[in-house]
Each structure stands twice: as C-alpha cells, then as structure tokens.
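Two complexes, one shared chain (chain A), two partners (chain B, chain C).
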Partner chain A sequence: MYTADFAYARAGSLAGALELLAAAQARGEDVKLLAGGQSLLPMMKLRLAAPETLIDIGGVGELKGVTGGPAEGAEGAKTVIGALTTYRELERDPMITATFPAMADALAVLADSQVRARGTIGGCIAHADPASDLPAVLLALDATVTIAGGHGTREALLDDFLTGIYSTDLADDEIITAITVPAAPPGQAYEKFPQPASHLPLAGACAAVEIKDGTICRAGVAVTGVASRPYRPRDTERILASAPLTPSLLASAAAQAGGAEQGGDVRPLSDQHASGPYRLHLAEIMTLRALQRAVERASGNSSGKAGER
Partner chain B sequence: MSERHPSGQRSRGRGLIGEAVIRREDLPLITGRGRFTDDVTLPGMLHAHVVRSPVAHARITGIDVTAASQAPGVAAVFVAADLDRLGVGPLPGADNLPPGSRNPEFPVLATEKVLWAGQPVALVVAETPATAADAAELVDVSYDELPAVTGPLEAAAPDAPVLHDGADNVAFVKHLRSGDPDAAFASAAHVVRQRMVSQRIAPVALEPRGVAAWPGDDGILEVRLPTQRPHGARNSLAAILGLDAERIHVDAGDVGGGFGAKGPMYPDQVAVIAAARALGRPVKWMETRSESFLATTHGRDQVADLELAVAGDGTFTALRGTVHASFGAYFTSNAPSSLLGRLGPMLPQGYAIGSIDVTLAGVFANTTPIGPYRGAGRPEAAYFTERLVDLAAAELGQDPALVRRRNFVRNTDFPHVTCTGLTYESGDYQVGLDLLLDKLGYAGLRAEQARAREELPGETLLGVGLGCFVEPGGITPGVPGPDGSAGDQATVTVDPSGKVTVSVGTSAHGQGHQTAFAQLAAALLDVDYEDVTVVFGDTATAPFGYGTFGSRSAVAGGTAIHRACERILAAAKRVDAPMPLAEAAARLGGLSATAASGAPPETYASGAYGCVASVDPATGRVTVERLVAVDDCGVVINPLLVEGQVHGGVAQGLGQALTEQVAYDSSGQPLAGSLMDYAVPFAASLPPLECHSLSTPATTNPLGVKGMGESGTLGATCAVVNAVLDALRPRGVRHLDMPLTPEKIWTALQPHGS
Partner chain C sequence: MPASTGPAERDVAVTVTVNGEPRRERVPARTLLVHFLREQLGLTGTHVGCDTTQCGACTVAMDGVAVKSCTVLAAQADGHEVTTIEGIGDAEGLHPVQRAFWAEHGLQCGYCTPGMIMAVRQLLADNPDPGDDEIRRGLAGNICRCTGYQNIVAAARAAATMLQES
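After this line comes the complex of A and B, so read on.
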C-alpha cells in the first residue's frame, strides 16, 4: 500500500522539534511526530492515518538512552529512560534487565526482532495501543511520563496519562521526553497470552511484589490487552496485601484481575480473536501466573522464563 | 536420508535418482537475483490501481470517473463499458461442470452488480503506484446495497439473497452413488454421524499476485505473470482478449509460491493487460498484501454432513451424506473440480468401503471466489473421513490405530478400485501405519496418556492423533496440446559440447524442478548433473504444458522428460560404435528430441501422520509437541525436495487446524484484512517435524513416481485435530470445528460448554 502525500521535516534537537511542531500547528496542519515508525507507518501505508506533516524526531540524541538506576546511585535511585530509547537498547541493557525482570520478560516476547530494533518506548506510550506489552510493566512499576511543551516541562503518572484506545493526555504541542521508573522490588514478572497473528497480547499481566515476613507488603499489578487501556486491578492489589502469602491468596487476588478497575467494572474488548468474557478469564490466568513467578523471584529464585512457548 | 549432495560436486548416472541434491535455484533467490514480476521496470511504464467494491452485495447505480481521470499523473481510468468497447472479456466461468449446472460469466470489471467486497469495479492507470492510488480514491461509485450471504449452508438456503439470475444460489448438485448404501446402513451395527466444517482459508503466498504487460516487437503482446500455468494463461488470455494465442508471449519468471491460487486467470490481471494494449505502453500492477486477502482466491469453505456405517465387527461398509461447498461470488476455471473430482471421489480414502451415497452441492455466496488451495479437495476428504474414523473408534471403544488397520485396503488387493470409481495402483497402508506407530512410540504414548488421566486429571491434557490418507496426483487435463498430442511436452537437447538443456511444459513456482529434473535427465542420459540446464515457465522457450498444480509435475513432466531422453538415447545409437553421449552428440552435430507425456494415469501416494498435542485447560491453548510424517510417494527423485514439500504442507495443515480462518461479518465484510489479523503459522510456532518414508512404486508411469506435493496438508490437518480432540475426549468433548482456537477449546471445557 502507498501512503497519501505528506510533508516531512527532520528535527535535530528537542527545542527544534518543539519549534517545528508549533510552526506546523500555527499553519493549521494535521501533524504527527515520527519516532521509530513501527505503529504510525503501517497505519499510514494502509491509509488509516494520513497526517499532512511528519516531524521526524528519530535523530534527536538527547531523547535517547538510560540514566540513573542502582548502578549509578544509591539504593532506591530512579531510572530515567529517554523516550527514543529502542526496545532493542533496553533488552540489551544489563542494568535494565537486572533491575526490572518484568521488563526483560516483556521485551523478550514483544513484537518481533525488526520492530524491537526500531520501536521506541516513548512511541509506544504515545501510540497508546490497548494491546501493548510494555505499558503493563510500566504501570505496575508506577512509572511517570515526562512531557515537554511550548510552556515548559511537566510530569504525569502513566496511570493518569493513558486515557483510552489510542488516546492520551498529550497535548498537540507536546512531546514525551522520558519515562521514569522508581526503584522496584526484584519480585516482578510479566506474562502474556498472544493473539496468534500479531502476537500482541490478548491479555498480558505484570505483577511486582515485595514480601516481608511472609506477607506481601507492596503489590503493583497491571493488565493489558483486555480493556480500552492498560489498567491496575486495585482489588487484586488490595487482596494481595491483606493476608499472609499463600497460594490461595494469589488465586483469589488474581480472580479480581478482570473484575474492577479503580472502582468501576472493566469493560472488556471483544473482537474476532477473543470475546470479552474470554479476555477477562485470560486476565485472571495471566495475572495468577505473573504473581506466581513474581513471588518465586522475590524469594530469590530467578528461574522462570516468560510464559510464552 | 542419503547424504546431501554438495552443490557443485559432479555426479552422474542412475544413482542420482534418490539423491538429496541441494536446490540449485536457491542461491539466486536468496541473494536478490530472482526475476520476479515486480522486478520488471521498463521505460515509460505506467502503474495500475484496482478500484474494488467496498461492499459485499450491491447494485451499482453510477460510476463517476471525471475527477480521477483529471487527477495529476493519471493516464486513463477504465470501467466495464471501456473494456466492452475494447472487446475484452468476460472470463468464461468454470470447466468440467455437471450437465445442467449454472456457470455465470465472470466480468473483468463489475457491470450492474458487485457480488463480493473486493470485486474489481474500475482500473486507474497512472505514472506511479502512489498517484494511481491517490486517483483511485477519486473514483466515485454509487452502490445500492443488498443483503449479503457468506456461508455455504446459509447461501444454499431457499430464502437466501440470490447473487446471480435464477431462483437460488445452488449452481449444481451431483450425486455419487454406488454399491448398496441403503442395505449397508440398514444392517449397520453402528452409524457415526457428524457435521464438519472445512473453513475458508487464504493461501498467503510469499509473493502476492501481479502482472506487467507491454506491446512487444512485431505486435506480440508481452505478459509477465506470476502464474502456475504459462501456456494455460496464454490460451485463456487469447480467448478473453480475442487474440491469436501465437500473438501472446507469457513469461512467468520466478514465482514466489502459488499453492493453487496462481492457477486461474483473474479479472484484475486481464484489466491491466487490456489497459497496456489500449494505451500502447507498459503497465504494471502488484497486489498489496491487504488486497490479496480480498482479491486472490481462497480455499476450502465446505460443510459436510456425513455418516459412516460400521458393521458389528468394526468393518466400515458405507458412507453417505451431503457436502455443501461455497465457491464465492463466481466460479474460477477449475474450482469446482476440487469438489467434484477430489473431495467427493476421495472420501473412501485408503479404506475398503463398498458403498457410497453422497450428494455434492456447489453454491455461490458474497465472498471472494474460491480456487484450488494446496490439496484442493484432498485435505478436506481426508479430514472428513479421518474424523469419522476417530468417532467410530470412540463409539466402538477400540484403538483408532486398530480400527484403521482393519479397514485399510490390503496390500495384496492392488490395483484397488474404490466405490467412487478411482483405481489406486499400488500402496501398503498397513506397513505405513506400522512405521508411524513405531516412530511415534505409540504404545508408550497411550500408556503415558492413561497414567496422566488417572493421576493428574486436572493438569495438562495429552492427546495422540492419527491422520492416514491417500493423495491423488499427476492429473493431465483432457484437452490436448496445440499439436494434438496428449499431455505435457519436454524437449531435450544435447549440444555438440555435451551440454544438455531440458525444457518442459510443467512450470514450477518454488518446488525445485530445476534441481529434480536436472537429476532426472542426468540419470537417464548418464551425463553430469552440472551439465544439465532446465528451462520452463516461458511460452517462448518451453514446449507446451499444463503447468504445475495437483502434485502433477513429477508424474507428467517427469514422464515427458523420460520419453524425450529415450529418444535421445535411441538417436545417439546412430553413431557406429558405443560411446558416451557427449561424444555421440559431438559426432552428430548435436541431438534434440521432443516428446509428450501422453496422459499417464493419476498416481495415488499415501501417508500416515501422527501428532502428539497437549492442551492447557486453564486457557485452552494447544501445544503441538510432535508431528511425525510417514509418506509413500513411490520412487523418490530427491528426498530433500520431498521433505521440503512435507514441511510446507504440514505448516499449512497446522494453520488450518489451529489458527487460520477467513471470517466475514453479517454484511459480508471480511474480518481479517492483513497479517496482523490473519494467523498463518510462524516458523517458531512449528514443532520439530519428523519425516519418514516408505516406497511402493507407481505401476502406471515409467519412473514409478507418485505426486506428493500436497501430502502435508492432508496428513497434518486431521492428525492435529484428532490429537486435540483425543486430549479433550475424557472431558466430554466429541467434536469441534477448525480452527481449534484457545477460546473455542476453553469454552468447550467449561461446565456449560458443548
């Protein structure tokens, strides 16, 4: 397929990109930022997207790379991931895979080798595909998004930033510059059940747990692929921290993974690949499996590759 | 398997037959030196874009091409009336239909009605593919939408929306009846019945379709076409365009897979060729992947309601029932043959069943036209029968391997004439099955399964499935060649330096014929393999042939080459003393001989496949743990090529069994328009394949070869489904239709499930 006509501009710096963005908007153009192009370009080739102007930020070096993390600072340091850092750079970063085993799980089963080579973490968040692996991990780990705009820089919790199917809180004149992940316990894992063609998750779940004296004192759980946006099943998290850790506690917590999201019921997606009830069921099973492996890892057992195949 | 022949090593003589010579065609293909249709670039070349119906069933109330014609870079826009004026079309419909069938003409561009979402309505020709696509968006077609119907049973219903003129959508009904089915069913101790669906699937060749056409020298129409049938394509084009076939040159070049779908001539290709003639300039069109899901023929799409009569001792005595097959919106040339010549007649498979009473109904529906797809009726027949056999074994409470063996045609009973009138020339189905059971470790697997069911009832469910089949191959169409001789032709030339050129009318699209036919000729002529060049696919350089489909080329092309080589050897005897062929050729100033295959009877290869599968009851997900294939295709020319065919066929069989389906919504809109939604198997999702063979040579052709290019789809589809349903049987699941998706299985395992 061939894209519709579009204008193309390449930014050399973040400031330059913001200027190009402002200028295109002043002219009233429908403009999109191009990062790795792994979601936007296929949509343009199918003419599902036809922006008038593309601003290519792929060459903006200041938005690439990982800083912070335990390797550089004291225990508890935050990890800051530049928005243009590719999946490949993340999966080959020993600090990332050691500090965030759930992210390593997700990167190992995310799309294919070609997409991982080009796709970026910022592009993934900005695209807000309801079935995307990494947002579940970032959500469970309480990540924040750093956003630059004409009026300065702001921070948002990822949970607040994601608003629905392909929609976020990003304003037309803003650019995501970084994702920040706070220090996380080693007890974390990501499990996914892939759609057979795209390998995007029909359901994916990330669990991060900290265990003290046989009880989970901190739990972060997030589910993706099931609803219009990745969500935190808060009832699951509450149950996990409510009683001593037993296999049946994990099961009853997981049973709520498809049940409630911030006080409201999850409205599951439904398509030819999976009905709503089946997606909710998979949410429970993937959550249970992620929890089991997270608990194993919390207990110092680093075994257990990602569940897919 | 014998030692693999390193490329470049010199080798000659009879021993080359059966040698695992590495494919000589691969190096250019994997280093970017292939000659594909999209590689054709000519000065002044224009590019076409096909405007397709966005709706499944509608009356066209108007087409306005004004804006598109005036768009920048547009050379012309064609609609049906323009092609009429040029004297083009329509496509003729199907061959070989029963008397009284409906056989509507297939318009090149839609006229009053569109009958499927994707039907060509107009053709835009412009300077670049992108400008053609832009202008195509400006073609304004008004549709008055009509209700649509998509499934074979729904389309056959009396109250269904009707596509073509007439009272209903039933194009033909044919009865297969022989023996005494009524008595067999009346006296049967058990009757097993099941409705089974072989769902609509897409071929998904690596190279989509396309065409490039231009006016050549001396008024010759030059056509580059990724086709399985270069001569057939030329003859079809001659009839549709109203030209003498000699005025058309078709060159297939390299073809990136076909699986049957590159057999028929398509309306979009005809429109592009007609545009090139009208404009007097080269025009190229390449289908996009998304377009391919709408425009390239699909396969399968049948619903079978079948019954098997079983005597008290477990003997199968008769088959009866009805198969409804959808052919989509129009017949493509050889689509109905898949049902009439393959699916129906092959229902007895390898079993000595004496009676049959089966009705075959062909219907039209508002879907992409059906074409032959790898196996073309054979995998469906094997699937339906092998499911019934497993259900019979379950009802008898007997081991499915035992039930099969008891009912096989005995190896002493060949040639065997089936109750449907086919003659199986040779085979040994018991030995094939025994080999499979041995390689599977069948008894041990059954013991392991029984233990697991006893000790771990809630855990992973383990299943073992068998799929035994007979594959007819090597069909030769009844229409003779231009010189009146029957069959495909081969010309073998030995030049004075001893180099041999084999040109043959069977045209390959990935099978490895350059390698296999070079081996064959080198062996028959006792010359060096490296001295043999094989030519096909170009009507200017290859002699007449029917092309490659239906596992026919080793049988038909091989027989033609064999006959031509015999003539060469006879001619070489004209020299006064015995001497090597090269010397004789030098003395005689070169040798050349052409021969036709005649019409060698079809061969009947066979196989026994086994699958070990596990099911995760928590999600319904299937894991194929093992897939073991035993194939008997008679004399093997190159075991490496045979194994490659098995691998590809198995992948496609697994795809149909587990993940693939072309589905439509109630308005006839396809639900999967790209490889993001249509799930073909990934290399990483295939189990390790274990391939074994035995050989009962064909008695009906001089080489003893049997066609086997489709066996993997026959064996894998039923072995995998039987394995999954074997795993689910203790949980009360009797049958599920393909694809066996996790949700379907999980739902069936729920207490409220079916």
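After this line comes the complex of A and C, so read on.
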C-alpha cells in the first residue's frame, strides 16, 4: 500500500520546523508534521489522510528526552518529557517507571515493541486517537502540554487540549514540544481491556490516589477508549475525594465512571467491536481495577508492581 | 544525525547503511523503507504481510532497534543504519536465533519467519532470559498463521540458551 504522493522536508531544529510549517502554510499547502509516523503513516496508507507536504521533525534532538523528576530537584519537582521521546525510551527510563507506575503499566501494554520503538508521546497526543492508552494516564496525572508556534510558546492543560476524535486545540502553525507531569502519588495504576487484534483499549482507566490516615485526600481518574476523547469521570473523582477508604467506596466510585465528564454526560462510542453500553460497563470495571491496584500501591503493597502485565 | 533538507520535495535522495554497506538511491518521498529494501536493493528477505503495522513480517533493525519497515519512510531512514534478515547470518553461518528456529521447528510456511527472527533478536537483546509469558508479550507485534506460536516460543527460549552459552 502506498500513501498518496507528497513532498517531504526534514527539519533539523524546532525553529527550522516552525519556519517550514509557516512557509508551507503561506503557500496554502495541506501540511502535516511527521514524528515517529506510527499513527500518521498507517492513516496515510489507508488514505484517511493525504497531506500535500510532510515535515519530518523526527530528528529534532531538542524535543527528545526527559528532564526534571524527583531525582533532580526538591520534592514536588515536575517531569518534563520532550514531545519526541519514544515509548521505548520512556519504558526503559527507570525514573519514569519508578515515579509513574501507571505510565509503566500503560507502556507495557501499548501497541507492540516495534511500534513503541518509534511512536512518540507528542505524536500520540497530537493524533488524539479516542482509543489510545497514554492520554488516560497523562489526564489522571494532570499533565500539561507545551506548544510552540509562530507567536511564541503556550501551555495548556491536556484536559482542555483534547477536543474530540482525532482533534485537538493545536493550531495549524503550532508544534507540541513537551508534556509536563506534576509530582504524583505512588498510588497509581492503569488497566485496560484491549481489542485483541489492534491492542487498542475498548476501555482503559487510570487511577491515581493519595491516602492519608485511611482517607483518600487526592484522586485523579481518567477513562479512554469509551468516548470521543479520553475524559475524567467527575462523579467518580468527587465520590473519592476526602472519602474514608471503606470496602464499598471504590465500587461506588467506579460505578460512576461512565457518568459525567467535563463537557456533560459521557456519550459512548459504538462500533463493530463494542456497543456503547458494553463500553460503559467496561469503563466501570477497568476503573474499579485501576482503583484497587492504585490503593494497593499507595499502601506499598508490592503485588501491584508496575508493568507486570 | 541526518541534516535538515531544503524545501519540501517529491523525490528525495536517501542514503541508508544497509547490512553495513551505504546505499544511496533517489526515490519518491512516499517510498516505504520495506519497498526501498525489497525493490531498490533487491533484499527480498524482508516480507510484507499486512502492510498495516500489525503482522511484523517487515521487521528490521534500525539503528539496532527492531521496527516495522512498512511503517517507516525510506526518507526517515536517511542517514541511519538498517539491518535486515540477510545481514544477520547466511546458509554457512546461521545466526543463533535462525539455528533455534530450525532446531525447534519454529516455522512452517516461513512467511512470518524473517520478521519473527528480527523480533526475537530484539526481545533477547532487551531481556536475555525471558519466560514464556515475556516471550509471548514481546512478540505481540508479530503474527504467524501457521505454527500456533508454540514452537516459536520454544525457538525463542532455545535461542536465549544458545546466546547465553556462547
């Protein structure tokens, strides 16, 4: 299968990429950025995308690598992940897997090893596949997106940045440069129910909880694969916040995972793989499992070791 | 690191070091690495199965890491090193992973085999002593329509032993 014909340019730096992008836009070309290409190239082969111009930013070194994190600063240090950091690099970064066990969970079950070798975190966010694993983790952990454009740099909450199926708030002349994750509690986990052929989640859920004296003092939850974009189930988070950890608490919180999100009621996707009601059911179960594992890890139980499955 | 190019072009000059030899060709920008290898260079050991990033028959090592060459543009490989199945061994001197597939009957029609072998090579580089579960998970990106995987897992395990003993 061939993609449609296109013109190709490779950027050597972020500034160079922004220039190429602006120039192509000035000529009125339909232009796309190419990072690892693990989502874009398949889409182009299926002719779901047929850009006239591809700007390859894959070699822009300044957008690669991880900085910050607990090792490098005081407690509360943020972790900044360059947009072109690959899944493989994240998966093999001991600071990332130790600090963000939910990310380790997701990276272990995301696509396959060859795809993880080239797919990038920035490409994943820009692609905004409604059934993509990592955005659920990043949402639950309150990640922000750093974006460079012709008019300077801006920062957006990932929750505001994702707008729908394959769509984000990224302007035509902008490039995602980094994802920043604030310090996170160790009680976190990601669980998914994969579609067996594609490995994409029919439903996936990430939970991050902080527990003090038997009470949940902080809870972040996000669900992916279920609606047009990964979302935070607000009622689930509300039930968990400041609640004493009782046997029934997690189940009653998870029961609301298909309830409401930022934009109102969750409207579940429905396709040949899973109906809307089935997806909502899976959302509840995956949320419950993620919460249970997150609580286990919060209490230092090693049976919830990151990336185990 | 390959330098930046000039303005966008529909034909691109690509230099890839394939199995240790620099190969330079001018190709349409949309040329996939797998077609560059098979059609430009005649290296037909790398197969195309699904062409949709699922089956892994097209697996090659790029800068030493296994990737799916149907999902990499030849232009993205410009300035990089690629190792194909032809580069890891030959009839006189099979690679240990090739020997293990032979010994354990890890193939039937052989269509998936070059990709399987390149993927097992990566798996064992990352994890020299994997358990069966880890092998199955590590090969999640490779599909075989014949063997039922049992003997592929056995071959990966045998290869691990061979590599550790050598």
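In this section, the second predicted complex is superposed on the first by the 302 of 309 C-alpha atoms of A that agree within 3 Å, B and C clash if a C-alpha of one lies under 4 Å from a C-alpha of the other, contacts with A are read in each partner's own complex, and residues count from 1 in each chain.
The criterion applied here is as follows: a residue touches a chain if its C-beta (ideal position, glycine included) is under 8 Å from a C-beta of that chain, and two chains touch if they have at least 3 such contacts.
In this text the structure is predicted, and so the values were computed from the model without any measurement.
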item: Which superposed partner A:Ala24 touches (first chain B, second chain C, both, neither); value: second
item: Which of chain B and chain C A:Ala197 touches, first, second, both or neither; value: both
item: First (chain B), second (chain C), both or neither touched by A:Asp5; value: both
item: Chain B versus chain C as contact partner of A:His281, first or second or both or neither; value: first
item: Which superposed partner A:Gln272 touches (first chain B, second chain C, both, neither); value: first
item: Of chain B and chain C, the chain that contacts the larger number of chain A residues; value: C
item: Chain B and chain C contact sites that coincide on chain A, given as residue numbers; value: 1-5, 46, 197-198
item: Chain A residues touching chain B - in the complex, by the definition given at the top; value: 1-5, 46, 193, 195-198, 272-275, 278, 281-282, 285, 309
item: Residues of chain C that touch chain A when the two form their complex; value: 1-10, 12, 28-30, 32, 51-54, 56, 59, 62, 65-68, 71-73, 75-76, 78, 119, 122-123, 126, 137-138, 140-142
item: For the chain A and chain C complex, residues of the former touching the latter; value: 1-13, 16, 20, 23-24, 34, 37-38, 41-42, 45-46, 53-56, 58-59, 61, 88, 108, 111-115, 117-118, 197-199
item: Chain B residues touching chain A - in the complex, by the definition given at the top; value: 129-130, 133-134, 288, 290, 618-619, 621, 623, 658-659, 663, 671-672, 674-680, 684-685, 741-743, 746-747
